[in-house]
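The following pair of complexes shares a single chain, chain A, combined with chain B in the former and chain C in the latter.
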Partner chain A sequence: MSGYASGIVAILCINLIFAYAVFITAAAGQLNLGAAGFQAVGAYAAASFSNLGWTPGWATIPAAMAVSGLTGFLLAFPVLRTKGVYMVLATFAFGEVVSGILLQTSLFGGAMGMVVPDYLPLSSLVAGAVFATLLVFFLMATRFGLALRAIHDDDLVATVMGVNVRAMQVAVFTIGGALAGLSGALYAHHFSFVEAQYFNSTLSIFVLLFVLIGGTQTAWGPLAGSLFFTLVPETLRIGGSWRFVIFGAAIVLMMVVRPEGMITRTLVARFRRRPAAVKPVAITVGEPHVR
Partner chain B sequence: MSADAMLKVEAVNKSFGGVKVVQDVSFSVARGGRTALIGPNGAGKTTMFNLISGVIGMDSGAITLDEARIDHLPARKRIGVGLSRSFQNIRLMPHLSVVENILLGQHSRIGGLGELFAPIGWISSAPARAEAMRRLSEAGVDVDPDAPVAGLPYGTRKRIEVVRALMSQPRLLILDEPAAGLNPRETADLSTFLKSATADGLTLLVVEHDMAFVHGLCDHTVVLNFGRLIYDGPTAGVRDDAAVREAYLGARAATVGGAGRAA
Partner chain C sequence: MTNATAIGAPMKSITTKALVVVVIAAVFALAIALGGRVIAQQIVSGLMLGAIYLTVAVAFTLTIGVLNFLNFTIPSLFMLTGMIAWGLREKGLLGFAGGWAWLVALIAGVVVATAASLVVERFTFRYLKTRHGDATEHAIPLVSSLGFLLIFEHLVILTLGSESQRFSVPFKADIHLFGLVIGAPQLVSLGCALLVVAALTFVLKHTRMGRALRTIAENPEIASLLGVEVTRVVPVLFLLTGLLCGLAAALFTVNYGDVSPFMGDHVGSKAIAAMVLGGIGSIWGAILGGLVVGLTETLSIHFFGGDSVEMIIWGLLLIVIIVRPRGLFGAVAVGKGKL
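What follows is the complex of A and B.
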């Protein structure tokens, strides 16, 4: 594989894990606009442990996931006191705070960043991406996943059905934090360098877009979103400096055509079932109280 | 009848701001019986349901289920002690399929983390799914179980919501206007279904406006008006009760004693 291609695959793997981190909370209806903060926590944790001389080199990965997962767990309590746009703002503020702390702390190299001694090859990134993908697909197929989707649709009814909404939300913030940390740790080890400026709010916005444009209804959404956002700008390179303009227009178009994301449940169901198994649904005219 | 009461509501009060929505209301629901809670619009029926199911908290009073206080329990724990409900406006999860909505009704029966993290989507023959399918067919719902509920006819969705409430295997089922918006044929079918669903001793409490439906289904009726209890007795006696007649005739003429809907 050429250096260019392997570079794209590496970014794709990191973006995919990162997208699943945001997806798992979005599946339960909570938008995280501070994901770069969690990724930074994972990246800097891995970088720090690596600089402390941990062996084997990969041991920093679970440790970094634990640190960022714990961060997600602890952040969940204040953040879950807010709802809707205020939650988005609270998570955004978290991302900014992390970035600010890293820039100001000389232990983490400040604006100079940190060199990461242990290198992890592309195969580790692919393994991480496969792990995150399988984990999220598995979770979404369980009663836990069903409860998350129920909270997304109607948290009051989910509560009446016996779902511990708060515990679920804390759990997904923890899992999401750990996955974002995984993406950050792999980034640190593969590119051998971390700097606070990289984990900025634009990155948080982009990963949220991966998920929203990919679709939050099924675990296929982040996969489609990451592929779209990673590969389309590359293929548009032939358009020269106009590529981000074309890309922006493509995003707007996508939101118009498929507001619920590229991959919806209906789309997945259509692929899964044979057309003959689909029963026609009667259309009743003039029925009252249709929501 | 208090000796054989499944649900007891005692001196319950609830105000929203300065408005007393429920005032000193006491009644009980007999074990294994079918009780109706009726009253003109704004009488506090849905508020009463929300208090019983814990969706909102009450100001004072006591609610007991089988002699045990439940009013201190949060809403999510009440289904675990055997209380299950439906909503006035259908509140199925629009992005979930029919069978997924039904499976959600089993959530309170999950034994532990092992069951919480057991995949249900991959094994179509799983016992949980089999139970969901059986309940659906018992309720006479003949639709593609994997279709999203959002596109289904109103009457079907209404029925699915009752099935979802039954999936928790409740002792007391409370339904908020199950017949609202149904045509006469669907209403009759629902009545038959609810009779068969409660045949094995399940206790039922319904809020309903359709008096023909109430007369056909419920042996006991409780009437609220402006947040106060005005009648608590056999359904057969409701139409002849002076206080009930005044409450309805004052608000809207030719309802009590007339056929069909009272409000």
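What follows is the complex of A and C.
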């Protein structure tokens, strides 16, 4: 594989894991506009552990996931007191605070960034991406995933149906934090360098766009979103700013034509050639309903 | 949703709010007493910067209060005004205006920003009125506005370049008062901003259009049942957004003399902070928040250096959101509904 192609695959893998981190909270109706903050926590944790000389090199990755997952867990409690636009803004503020702290702390190299000694090859990035994808697909197929869908559609009804909404939301924040940390740690090890300026609000906005344009209803959404937005600009080979203009126009049109995202539940159901999950059944009053 | 209680309505429990204002004023008075002239000068610059922030914050708070829509095009409208004004002068299209070219350029910038805002209205609201009934639907106009942010910013970069440019005005009048240097344009801008916002509050409170806007804030469906033409009132909101951003950008350009395609990002994020601090949906909250953020910025630069600003302001904001999510002046229900 040429250097160019492997570079794209690396970015695609990191974007995909990152998109799943944002997706898992969005699947429960929580928009995270500070995802870059979690990614930064993971990247800097991995970089610090690596600089401390941990062996083997990959041991920093679960540790970084634990740190960023814990950050997500701890942040969930105050942030979940807010809803809707406030929630979006609270996570946005979190992202800004993290990058501010990293820029200020000389232990983390400040604006100079940090060099990461241990290099991880492309294959480990691919493994990470496959792991994240399978994990989220698995989660969305369990009762847990069903509960997330219920909260996504209507949290009040979900509560009435016996879903512990708060516990679920804390759980998705923790999982989302850990996955974002995974993407950050892999980024740090593959590119051998981290700097706080990379994990800015633009990155958070872009990853949220990947997820929302891909679709938040099924686990296929982030996959479609990150594939589309990583590969299409590369294949079009349009230079500089025009790329962003076209990207912006695509987003605007997408929201007009298909605001639920590219991949929806009905689309997935159609491809599976199975009846949709909920099918209206005629029930006649007075006699038992027989299948 | 009871957003309307916040939009333009008289402040309830005046005493607690007065207390908040008095406490904040006292803190700064103490700072002046301890720090003398240097601090007083910082506070004057902070208030001037705050005037810019509060104007943009009012634009944010209006769209959130009425439509529950976090309008991310606001920074790009701000930037459009400055860059269009600079571009028109640079390309020599304003030779006819002579010494007043700077003013004509700025007015043209405001017009373009307002027109752009109306285009945004088409695609974020007019064509998107269907509700899809899930929890992330409030993100749909938000995502759309992020799309417009990209379009505007990069169209400007393509046509006018990505460098920071100088926008000079033919006058420089500083007023010296009690040994403080106060820029005349800055003073005018503070007055202008407060005047516009006061006029806006009056319009929201006492006119037919204002009542229509407040009704939509309460409930768009019931508003249209009651005979409010939502499709005619909502554009007015976007018109106001464009005008407020344009005004803020014009004042910013005259004060600081710099324009760049990224000038809106910094001001926009500070205005968001100001809005949340004051309480989403509250105009007076946005005003107070804007001034507090402006003051915090200049004072934290003075005491802790330039790099600390973002962290201090966003940290302050994170604490406010967590401790008191409705901000200093906000109504309880705002931003919590689904719309």
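To be clear about the criterion, the second predicted complex is superposed on the first by the 269 of 291 C-alpha atoms of A that agree within 3 Å, B and C clash if a C-alpha of one lies under 4 Å from a C-alpha of the other, contacts with A are read in each partner's own complex, and residues count from 1 in each chain.
We adopt the following convention: a contact is a pair of C-beta atoms (placed from the backbone, for glycine too) under 8 Å apart; a residue touches a chain by one contact, two chains touch by 3 or more.
Note that the structure is predicted; figures quoted are calculated from it, not measured.
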Chain B versus chain C as contact partner of A:A150, first or second or both or neither: first
Partner chain(s) touched by A:A141 [first = chain B, second = chain C, both, neither]: first
Partner chain(s) touched by A:V130 [first = chain B, second = chain C, both, neither]: neither
Contacts of A:V165 with chain B and chain C, given as first, second, both or neither: first
Chain B versus chain C as contact partner of A:Y86, first or second or both or neither: second
Which partner reaches more residues of chain A (counting touched residues only), chain B or chain C: C
Which of chain B and chain C A:L231 touches, first, second, both or neither: neither
Which of chain B and chain C A:V252 touches, first, second, both or neither: second
Which of chain B and chain C A:G29 touches, first, second, both or neither: second
Partner chain in contact with A:R265 - chain B first, chain C second, else both or neither: first
Residues of chain A contacting chain B in one complex and chain C in the other: 152-154, 217
Chain B partner contacts - residues on chain A that touch it in the complex: 138-147, 149-150, 152-154, 156-165, 217, 265-266, 269, 273, 277-279, 281-282, 284, 287-291
Partner chain A, residues of chain C touching it in the complex: 64, 68, 70, 123-124, 127-128, 130, 132-144, 146-151, 153-155, 157-158, 269, 272-273, 276, 280, 307-308, 310-312, 314-315, 317-318, 321-322, 325, 335-338
Footprint of chain A on chain B - complex, ascending: 53-55, 74-80, 85, 87, 89-91, 93-97, 100, 103-105, 107-108, 110, 115-122, 143-144, 146-148, 151-155, 164, 168, 180-181
Touch list for chain A against partner chain C, complex: 26, 28-29, 31, 78-79, 81-86, 88-90, 92-94, 96-97, 99-101, 103-104, 111, 151-155, 201, 205, 208-209, 212-213, 216-217, 241-242, 244-245, 247-252, 254-256, 259-260
